[in-house]
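Letters A, B, C and D mark the chains in the order given here, with residues in each chain numbered from 1 onward.
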Amino acid sequence: MMKKIAVLTSGGDAPAMNAAIRAITLSCNYHQLQCVGFYHGYNGLIDDQYVEMEHFDVNPTLQQGGTILKSARCQAMLTSEGVIQACNTLRKHEIDALIVIGGDGSLRGLQAIKQHWEKQVIGLPGTIDNDLSGTDCTIGFATAVTTATHAIDKIRDTANAFERIFIVEVMGRHSGHIAFNVGIATGAEAIISFENFSADRALQKVTELLKAIDKQQHTHGSFLIVLAENLWPGGAQALKESLTEQGKVDSAICILGHIQRGGSPVPEDRNLGTELGLAAVDAIITGQDNVMIGREAGKVIATPLEQVINTAKPVSAHWVNAHQQQLTHYLK
Amino acid sequence: MMKKIAVLTSGGDAPAMNAAIRAITLSCNYHQLQCVGFYHGYNGLIDDQYVEMEHFDVNPTLQQGGTILKSARCQAMLTSEGVIQACNTLRKHEIDALIVIGGDGSLRGLQAIKQHWEKQVIGLPGTIDNDLSGTDCTIGFATAVTTATHAIDKIRDTANAFERIFIVEVMGRHSGHIAFNVGIATGAEAIISFENFSADRALQKVTELLKAIDKQQHTHGSFLIVLAENLWPGGAQALKESLTEQGKVDSAICILGHIQRGGSPVPEDRNLGTELGLAAVDAIITGQDNVMIGREAGKVIATPLEQVINTAKPVSAHWVNAHQQQLTHYLK
Amino acid sequence: MMKKIAVLTSGGDAPAMNAAIRAITLSCNYHQLQCVGFYHGYNGLIDDQYVEMEHFDVNPTLQQGGTILKSARCQAMLTSEGVIQACNTLRKHEIDALIVIGGDGSLRGLQAIKQHWEKQVIGLPGTIDNDLSGTDCTIGFATAVTTATHAIDKIRDTANAFERIFIVEVMGRHSGHIAFNVGIATGAEAIISFENFSADRALQKVTELLKAIDKQQHTHGSFLIVLAENLWPGGAQALKESLTEQGKVDSAICILGHIQRGGSPVPEDRNLGTELGLAAVDAIITGQDNVMIGREAGKVIATPLEQVINTAKPVSAHWVNAHQQQLTHYLK
Amino acid sequence: MMKKIAVLTSGGDAPAMNAAIRAITLSCNYHQLQCVGFYHGYNGLIDDQYVEMEHFDVNPTLQQGGTILKSARCQAMLTSEGVIQACNTLRKHEIDALIVIGGDGSLRGLQAIKQHWEKQVIGLPGTIDNDLSGTDCTIGFATAVTTATHAIDKIRDTANAFERIFIVEVMGRHSGHIAFNVGIATGAEAIISFENFSADRALQKVTELLKAIDKQQHTHGSFLIVLAENLWPGGAQALKESLTEQGKVDSAICILGHIQRGGSPVPEDRNLGTELGLAAVDAIITGQDNVMIGREAGKVIATPLEQVINTAKPVSAHWVNAHQQQLTHYLK
């Protein structure tokens, strides 16, 4: 009998989740497997929102942001009742393997399912935050960096025209992958992120910044601070107030927010989503289980879910230092 | 002796201010007039920040956002001492005509100068807000609408994926030109702006919205509310809280902010800036004075500054109604 | 009984045709009229390819290029058999009014139908070429200008890096609306189009160009020639060869081609498509017939099809001259 | 005495060459080295076109396409007189190390210099074609792929509207890196490139294509063929004619051309250019010589120029197969 593979997207949506769904569907078609989807993340498993997927459904979605299977966060999956209910739906539809595309929390959900379900589970890294080990880049990260970079390019124009300080808050959950890649790509004068920030040096950091700013007033024009979300107590607004109070300098804030999640994926993400989608089906065929499929150093690899979930992937110290080197003209 | 024309940009910067500066410089070149600039808006007049402008300075700026002459708001121009000082600088450099590119406040400054200076003054409408009469569109408006539209297109992807309500705040100072043009271009389910909002109906408005939202939950996916800045007491955050408290619905907010001011101008703005820049020099040659040059119905026109400043340009009722017509499926 | 309105798109597709289709559908919904579509232009009428349209079909298409009703050129409509067959289909489905979105040829087809069909016919101007009278801009024109402008911005980078001459051919059928708007928006050093070119001056034009180029070699960097399609005998390649043979200068050519037809429409086009789509339904309700709905000077107007088809809309001499003024630095 | 480092860009320009120049300049500043540039590739060495570089020159160039040092191909470097003249200029200015950013030919030029000059030479991979070993990606490749992808996305709209076959020719010199990355990212139905094409199977290939096309006419809509430049004898036009003659199918062609070289670099390229620029200066400080600096598997590596020049970097067979897998629905 034809094997039946289910796919769902879970947690914060990320550009090129659709590319992965499409590749899974087309590859199932190629390998003569049946492909089905569940809507709204794990909620679709719990509530049995089921759909059969064909190539003409997924083909036009390669360039679309969001996810045609919808996504959601799912509280019920934190309870064993929820997990068991999800597994019952999988059994009801006689699913042979489940592929979940999502971030850290989504992969934990998949682990939970594995404990109550005997079939294969495969994770794919789908999150703009790039905070998953087992892959160099997550699906959606490159698009988020591109969107934030273009947005900050625009802000730079106004910052230059007014010779003004801007604080721009970018996403990233609890890591600085977006902050550092966007900050370096936009030539930000400062990046304040988890990797180069400690609470007890916060005040000192502000003071250094202010000195640097004072220096540049006479040379450059604008001064851009890229701030990682969830970092500064009180957020961008609080940082702005500190700059005003302690440094007597005025600044403007801009919180990029949800524009970083959507949009037509950049080709890098479409191709990563496609490659990992194809590889997920290959992994099922070759009997892999309880792993996340990622790409490191250009090669597709499988990493146990356990390990992915318990290993951090920090921004490399090399890259953090790269930013410092470029700013010496402020410090002389 | 060769006539000497000065130009400055003032107030909030707008994309294609550079196109206007470039056209003025090239046209002066063509007509064998001397062209000079002052930096940082009226501050450059008060502090004598003077620069001579040649075609090779301005030629590459056609596609650049911001303004190469920098901009600023200038408190000193609200005092007669400031105005007199500005006029003294104009006399010192033997300027024959002054062109100011900016919004409402900038044109008021130009009027003030006219009262203490005998030479020609010409205004050009440069603001993303499009809130100036005497022209169908202001320089920068089309780019701001484009940037906000593309940003909301991205937000729509996430809103669809999560079937969620988003409140997106757009710029516009005290008018809804951006809100309505962006709201209709993105198919926003609601536009809350000055033109269709009254304080005493605020609560009712929220209630209607909530009903509409409830209806669409079962048909569509997402629900986008475009909110004009400076309108809702407490802003997007307060609206979100009202929706939560009174309607028991969760929503996400996104304040687009300064990305709307910058960026490479769209061709429509480059061409408007070019056309009005050329026309400003023509106006000087033909002896016009104390007017703003704009474009209405495809024709360049000159409107007395007095009239521009004292006449509002509302969003047409026709356009406000256009949005309503498209939403009937929510109201049935 | 509920009135039944049909819509089709014909001829070269143009961005925001979907916006017009969507507005027509939503407005029919609002006015409680039935809305249907025919696929593949007039072929859909001849072959009876019929579809009923609802708001959930059209709502997500506002930001999509192309046309969900497909388009085609239709030879059969040049024969009376074809026209009669098309009218029979309209009668079979008891259509009360037909809206056709397209260019010059498509409107001629609509006139032909009018001669054999007693109900209302309404045209909407949908073509990237902007070569229709009765409207300031056609649906799709602004997007084509934007796409071509961004493409040439990129070419400018390489042209500058190599200090090289580029000939870029843009679309426009037999008019220079795209050529002049794109040429001015990109600061092209030369625009060769129908409006400023005569066959017997072709050689002289090349010679002048070459002199100008020679001059700029010592000042600027690159030299961009925007060439209207269907103008130079032999096209861009022939012009390149003339420049090589007669002027001993090397140049590169780039034919932008079909990228100018597609892509997500800019907000200006989405809003024009929406406005005219709503107005088309209004026109049907108020009993108008045999007219094209356009927008001039910000107002929706109706022009008899006869007049639209027989009246040219040239690029304004004012705009042609505007380009000349900016180039004086080459001619001194 | 302060060490003096020279940089030049050579061969076809590539987006983010400026990012590399900027990083080199800022890093020299950081390490207290002097940084100078030569204009117009190796021509600037032969003709002594010399410029001193400071951080305020390079800082705003991070987001600009092209190269501020200009580029050129240089015939004189193929003669020993030319090479010796170039070395004399390096001696005259007492250069201690030379960094050349370019492709295959540019690195050969650098090798030639090394044979007549005793100081350090470092290559950086700057070409959109990605056809250099010693690095996973060349500087500019990601931007070219992005530009071509967005262009083809637009063409897809028209292809869908007309249900038509399009042949789109992309750059790549003699390799299919662009063709495969763009083809997969756009969901192209066929990719014709060096990796999957043999001259004696050309005719068969066309026949297979035609069958596939025939099949899809009844299912899908459009059919996109991505063709690598320099491959099909006679180019896209000849392929179109073969399709017409042998298969009786009509197709449209689009040669993307130079738009693929320019434009503001995507963040991936800005960051690669920055990383490799910083690493090039580090390499000089640590005494490396006669190597190209690249990035493989996320790590900066140095590869002897000799090896880079004599080793091909093919598109991986894995990636070529990935494309095949997605097309099964045509072949059933």
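We take it that contacts are C-beta pairs under 8 Å (C-beta built on N, C-alpha and C of every residue); 3 or more make two chains touch, one makes a residue touch a chain.
Each chain and its UniProt protein: A, B, C, D = 6-phosphofructokinase.
Everything numeric here is computed off the predicted structure, so don't read it as measured data.
Student: Could you name all chains that are in contact with subunit A and with subunit D at the same time?
Tutor: For subunit A paired with subunit D, there are no chains in contact with each.
Student: How many angstrom lie between the CA centroids of subunit C and subunit D, rounded to a whole number?
Tutor: One centre to the other, that is 34 Å.
Student: Provide the C-alpha centroid distance between subunit B and subunit C, rounded to the nearest whole angstrom.
Tutor: That pair's centroid distance is 28 Å.
Student: Give, as an integer number of Å, the spacing between the C-alpha centres of subunit D and subunit B.
Tutor: Centres of subunit B and subunit D (C-alpha means) sit 40 Å apart.
Student: Can you list every residue of subunit C that touches 2 or more other chains, as numbers and ranges?
Tutor: Within subunit C, residues 153, 156 contact more than one other chain.
Student: Examine which chains touch each other and state the graph shape they make (line, ring, star, complete, other).
Tutor: Its topology is that of a ring.
Student: Please output the residues of subunit D touching subunit A within their complex, sorted ascending.
Tutor: 22-23, 26-27, 29-30, 55-56, 59, 62-63, 136, 142, 145-146, 149, 153, 156, 181-182, 184-187, 219-220, 264, 266-268, 270-271, 274-275, 278, 296-298, 316, 319, 322, 325-326, 328-329
Student: Show me the residue ranges of subunit C that touch subunit D in the complex, using the header's touch definition.
Tutor: Touching subunit D: residues 9, 13, 15, 40, 64-67, 70-72, 147, 151, 153-158, 160-163, 166, 221, 252-259, 261-263 of subunit C.
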